[in-house]
Amino acid sequence: MTEIISTIFIAIGTLVNIISCIGLVRLPDLYNRLQSSTKSVTLGICSMLVGVLIKYGFIGIGIKALIAIPLIFLTATVSAHALAKGAYYFGIRPGEKTTRDDYKGNNK
Amino acid sequence: MTLYILCFILFLVGVYGVLTRRNLIKIVISLTIMEFSVFLMLVLVGYISGGLAPIVVHPEGSDISVVDPLPQTLVLTAAVIAVATNSMVLALAIRLYKKYGTFDIRKINELKG
Amino acid sequence: MEGMSIIVKKIVQLISALIFVFGMYSAIHGHINPGGGFAGGVLLSGAFILLIIAYGLDYFKLKQQTEATSIFESLSILIALLIAFSGLFAGSLYFFNNYFPAGTPGSLISGGLIPIYNVLIGVKVAATLSTIFFALIIYKEEIRR
Amino acid sequence: MENLLIIILVLMIIAALAAIHAKDLISAVIAQGFVGYGLVICFFLLKAPELALVQIVLETVTLIIILAVIYDSSMKEIGEPIGKRDIVTYSLSFVLVALFLYYFNKAIVGLNPFGEHTLRMSEMYVKEVLELTGSANLVKGVLWDFRGLDTLGEATVLFTAAMSVLVILRISGKKHQLTKK
Amino acid sequence: MEEWIIILFFVIPLFGAFVMPLTYLFSPESPKLITPVITLILLMLSLYSVICQPEQIAYSIGGWKPVDNVPIAIYLVYDGLSGFMLVIINLVAFFSSVYAIKYMEEYTGQKYFYVLMCLMIAGMNGVVLSGDLFNLFVFTEISAKSSYALVAFGVKKDELEASFKYQVLGGMASLIILFGIAMIYWQTQTLNMADISYMLQNAENNIFPVFVQLIFITGFGVKAALIPFHAWLPDAHSSAPSPISAMLSGVLIKTLGVYVIMRLYLSVFQLNESVSIVLLALGGLSMIIGVLLAFGAWDLKRLLAYSSISHIGYIITGLGIGMIMLSRGENHLAATLAFTGSLFHIANHAVFKGLLFLNAGAIEYAANTRDMKQMGGLAKFMPVTLTSSFSASMSISGMPPFSGFFSKLIIILAAVISGFYFIAGLAVIAGIITLSYFMKFQKYAFYNKPSGKSPVKEVPGLMRFSMISLAVLCLLMSVLILPGIRDGFLNPAVNTLMETTEYASKILGR
Amino acid sequence: MVEFLLYIQVAICIFPLYCIIRGPSLADRMVALDILGILVTGICIKLIIITDQLFMMDIVYAWIILSFISVLTLAKYLENKKLND
C-alpha cells in the first residue's frame, strides 16, 4: 500500500516537473518563466521527497527527506529571488502584458 | 561501442576548442571539456551491467555484483588534479588580463615559440 | 560594500552554519557514505565563500584569514604524511601501512586509519580552496588601489 | 539504459559546441555548466554516486573561480573576421579530428563492449576490501589503502596549486622594483 | 641495502616542502638552509644505492602481496635505469639549490621558491621510481605543476605568457596521457606496468597497441619537447630563474619525457618497428631543426633552450636506432651501443646544460643583460665564469677530452653500424653547427670589446662553487665510459633497457 | 514504474538545454541552469527508490547546497556588483 502511495506522489512530482519545464520554454518573459519554473519545480521535488518519506517511514532516511524539504524551499526560492532582482537591475524589463511593476523607480 | 565513440568525439571537441579559440577563458573551458570526457571514458570502462554502486549497505549479504571501484578511484584523483590545473590557469589569465587589458591571445603574443 | 539584499543575507546566515555542519559530517563519514575528504572540504570552504558573496568583503579580515589558512594547509598535509610514514615503524616496513584494527564495516569507527586521513584531507582542501579564493580577491583589491 | 546515455552524450556534445562558440563568456560558462551537469547524470546512471558528488563540487568550484576571474573584465568574445592563418588552423584541426576518429574506431574493435567489463586487478578489491580495511565505501577503501600513494600525490598537487596561485598573484617579482616605487 | 630506503627519495623532499611554510614563521632564513641539506641527503642516498648495486627491488606500498599473481598494490621499482636517473636528478638538483641561495636573494616570496623546488624534485624522483602507470601520471603532474609556477616566478609580462603557453600545452598533454591510461585499462584491466606488459603480450588486435603508443608519443613528446610539439620550450626555459632553467633543461624534460618513453616503449609495450621509425624520425627532425633555430638566436638563454631541443633529438635518435635494431632482432651490438650512447648523453647533457644555464644566470646577475650583442669583455672580470663556460661549451660541442665527445661519437657509431648513414650525417652536421654557435657565444660574451658599462664583479662564492664543481664534472664524466667504471654505473641501466619485456617477469616472478 | 518516471525525468533535461542555447539574455540562461540543478535532484531521489541505496540522500543535500552557491554567484554578477562588494 505504501509502495503505491509513494509511487503516486513521485508521479505527481514528475508531472509537475514536466509542466514547469514546458512553461520554461513557452512563457513570454523572464519573470514569468522564473515563477513558473523555479517555484513549481521545487514543488515537484518536495512531492518526490514526501514519496520517499512515505515509502521508508520515520527512520533515518525518512527524517532526512523531511529535513531536505525546508532546505530546498529556502534555497530555491532565495536563489530565484536573487535572480529576479539581479535581472531587474541588469536592465531586463517585464513584458508588455505585465500590468504591475513594484520595482519601478527603485533602480538603485 | 557507440558510447565510446561519442565520448571520444567529446574529447576531440575539447581539442578543437583549445586549438582554434583565441580567448583565454574559452581555452580554459575547452580544457575542462576534455577533462570531462576523460572522466566519462574511465567510468564507462568500469561499468558492469546490472552492478550496483560500490558502497556496501548490508555487509552480510556479500553476493551482490558491484561495478568496478578502481576507475572511480582514478577519476576522484584526476578530478582533484583538474581543479588544481583550472585554478592555476585562471590565476595566470587574470594576471595577463591586468597586464594587457585583454583576453585575446593574439594580442598577448610577444614571444615567438 | 553593502552586499546583496536583506532576504539573501538572512537566509545565508541560516544556511551557512548548516553547510558547515554538513561539510564536517560528510568528511567524517567518508568511509561509510559518499563524500569524504574532498567533497567535505569543498563544502566547508563553500560556507565561507557564501558568506563573502552575500555580505561583501568587509565581513572577514581577509589578510589574517590567508595566513591562517596557509598554516592549516601545510600542517594537515604534514600530519597525513607523517601518519603514512609511521606505518614503517608499526610492525612491518611498509609505507601507508593501515595498522589500525579494521572494525565492523558500516559503523562510524571502522576502516582503520581511513577516517583520520579523510578528516585531514577535508581540512586541507577547505584551507586550500579558501586560500585560492582569498588570493584572487585580495589581488583584485590591491590592483584597484 | 544505453540509449539514454547516448541521448545525454549527444546533448553534452551540443552544449560543448555551444560553449565553445558562445557570444559572451558568461554564456560559455553556463553552457559548460550544462556539460558538467550532464556528466553528473551519466555518473548517476553508471552507478558512481561518489563521483557525482565530486563532479558537482568540481563544477561549482570551477564556476566560482572563473566568475571571480571574469567579474570586472571584458565579457565579449573577440569577434574578428577569419583570416588566412585561421583557415590553416581550422583545417588542420579538422583533419586531425577526422584522422584520430578513424583510427580510434579501428583500434577499439576487439575490446570489451559496454557493460561487459571483466575484473582483474580490482577483483580482489571488490571481494575483500570489506574484511581487510573495514570501509563500507569500497571506493574510499581503495583510495586510502591500496592506492594511498596516489591520494597523497593528489593532495600534494592541490598544495602545489595553492602555492602556485600565491606565487603568480604577487604584485612584483623582484625586491628592487618595490623600493623604486 | 634495505628495501624501504627507496621511499625516502620522495618522502624527504615532500616533508621538506610541507615543513618549510611552518619553519618560515619562526625564522625567515630557514628555507635557504633546509633545501640544500635535503638535496645533499638525496644525492648521498642515490650514490649509496648505486654503490650497493641491488639486483632489482620491487616494493609494494602498504605491504599488499599479489593475489593469484595479480599485483594489487602500487609498486615502486628500483633497477639500473632508475638508479642512473636518480643520481643525475639529485646531482643537478643539489648544485642548483646551492646556486639558488645567492641568486634568488633579489626576488620576493623566496619561501615559495624553495617549497616548489622541493616539490619538483619529489615529483621527478617519484616518476623514476614508480612502477604503476597511474601513479607515474600523478607524480608527473606534481613536478609539472610546480615547474609551471616556477617558470612564472618573476611575474613579468613575458614570464607569465611563457607560463601560460606551457600550462595549456602541458595540460593538454596530461589529458592525452590520461586518455591513453584509460584505454590501456580498458584492454588489460590492470595498471601495474609489469602486469600490463604481460597482458599486452596476449593481445590480438594489431591496431590497438599502435594507437595507444601513438597517443603516448604525443603526450610524452610534448613533455619532452620533440619538434612538432616544442613550441613551449624556448619561452619557458628562457623565462625561468636560472637555477630553475638548469633543472628544467637538465633533468625535467629528460625525466618526464625521455625516461618515461624509454620505460614504456622498451619495458612495457611490445617492440614495434613502425613506432620505432616514428620515434627515430622525430628524433632526427628535432636534432637538426633545434640546431638551426639556435643558430639564429641572440638571446643567450633562448639559444641554450633551442640547443636543448637538438640534444633531446640526439637522445631520442639513439633510442630509436636501438629500438629498430632490437625489433628486427638482428644486431644486438648496435642496439647496445645506441642505448649506451643515448643514456650517456642524458648524463652529459644534464651536467653541461645545467652548467651553461648557471653561467647564463651568472652573466645576467653580474652584467644585468641577456642579449649577447650587449655583452662583451667579460673575460677580464669574470674568470671563473669564463673557465667553466669554456669547459661546458667544449663539452656540448663535442671536443675530444670532454665527455660530450664520447656520447656523440657512440651515437654516430651506432647509426653507422646499423646502416642509418643519413642519420649519422645529420648528427655530424648538427655537431658542427653546435660548435659554431657556441664559439659565437664565447666570442660575443667574453672576448669582444667591453660594452662601455661600469666594470662588473665576479659572482658570489656559493654560485662559483656550483659552477666550478660542475665544470670539473664535465671533464670527469668521460671516465664513466672506461670499461671498469662503466660496469658500475652505465651498464646496469643499459642492461635494463636491453632486457625489454623481461622486466615484467622479473618483477612478478613468473 | 519508477524507472519509467526516471527516464522521463532525464528526458525533460532537454528543455533547459534549449533554453541555454536560445536564451535571449543572460538571465534566461541562468534560470535554465538553476532549473537543471533542481531536476537532477529529482533524478537522484528516484534512484534512491529504485536501488534502495539510502546513502544517496547525502548527495541530494550536497547538490541543493552547491547549486544554491553557484546560482547565487551568478545572480550577483547580474546585479552589476563586484564579487567582493
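Couple of notes before you dig in:
The first chain written gets the first letter, and so on, giving A, B, C, D, E and F; residue counts start at 1 in each chain.
Note that a contact is a pair of C-beta atoms (placed from the backbone, for glycine too) under 8 Å apart; a residue touches a chain by one contact, two chains touch by 3 or more.
Remember, predicted model here, so these are calculated numbers, not experimental data.
Note on connectivity: the fewest steps through touching chains from chain C to chain E is 1.
Any chain bridging chain A and chain F, meaning touching each of them, is among C; the list is complete. Counting C-beta pairs in contact across B-F and across B-E shows that the higher total falls to B-E. Distance from the centre of chain E peaks at A, each centre being the average of the chain's Cα atoms. Taking each chain's centre as the mean of its C-alpha atoms, chain B lies 2 Å from chain D. Distance between chain centres (mean CA atoms), chain A to chain C: 31 Å. Chain B and chain C have Cα centroids separated by 23 Å. Distance between chain D and chain F, defined via averaged C-alpha coordinates, is recorded as 19 Å.
Contacts with at least two other chains are made by residues 16, 26, 30, 32, 51, 53-56, 58-59, 61-62, 65-69, 72-77, 79, 82-83 of chain F.
Residues of chain E in contact with at least two other chains: 14, 18, 61-62, 134, 138, 141, 145, 148-149, 152, 155, 160, 163, 186, 191. Within chain C, the positions touching two or more other chains are listed as 4, 8, 15, 18, 32-35, 38-39, 42-43, 46, 49, 70, 73-74, 77, 81, 95-96, 98, 104-106, 125, 132, 135-137, 139-140. Under the contact rule stated at the top, the pairs of chains that touch are A-C, A-F, B-C, B-D, B-E, B-F, C-D, C-E, C-F, D-E, D-F.
Every residue of chain C that touches chain F in the complex is listed here, in rising order: 1-4, 8, 12, 15, 18-19, 22, 26, 29, 32-35, 39, 42-43, 46, 49-50, 52-54, 56-57, 137, 140-141. Of all the residues in chain E, the ones that touch chain B in their complex are 134, 138, 141, 145, 148-149, 152, 155, 157-158, 160-165, 167-168, 171-172, 174-175, 178-179, 181-182, 185-186, 191, 230-232, 234-235.
Chain contact summary for the complex, chain D toward chain E: residues 103-104, 106-112, 117-125, 145-150, 153-154, 156-157, 159-161, 163-164, 166-168, 170-176, 178. Here chain A touches chain C in the complex through residues 71, 74-75, 78, 81-82, 85, going by the rule given at the top. Across the interface of their complex, chain F is touched by residues 4, 7-8, 11, 14-15, 18, 24, 26-27, 30-31, 33-34, 37-38, 40-41, 44-45, 47, 49, 52-53, 56-57, 59-60, 63-64, 67-68, 71-72 of chain D.
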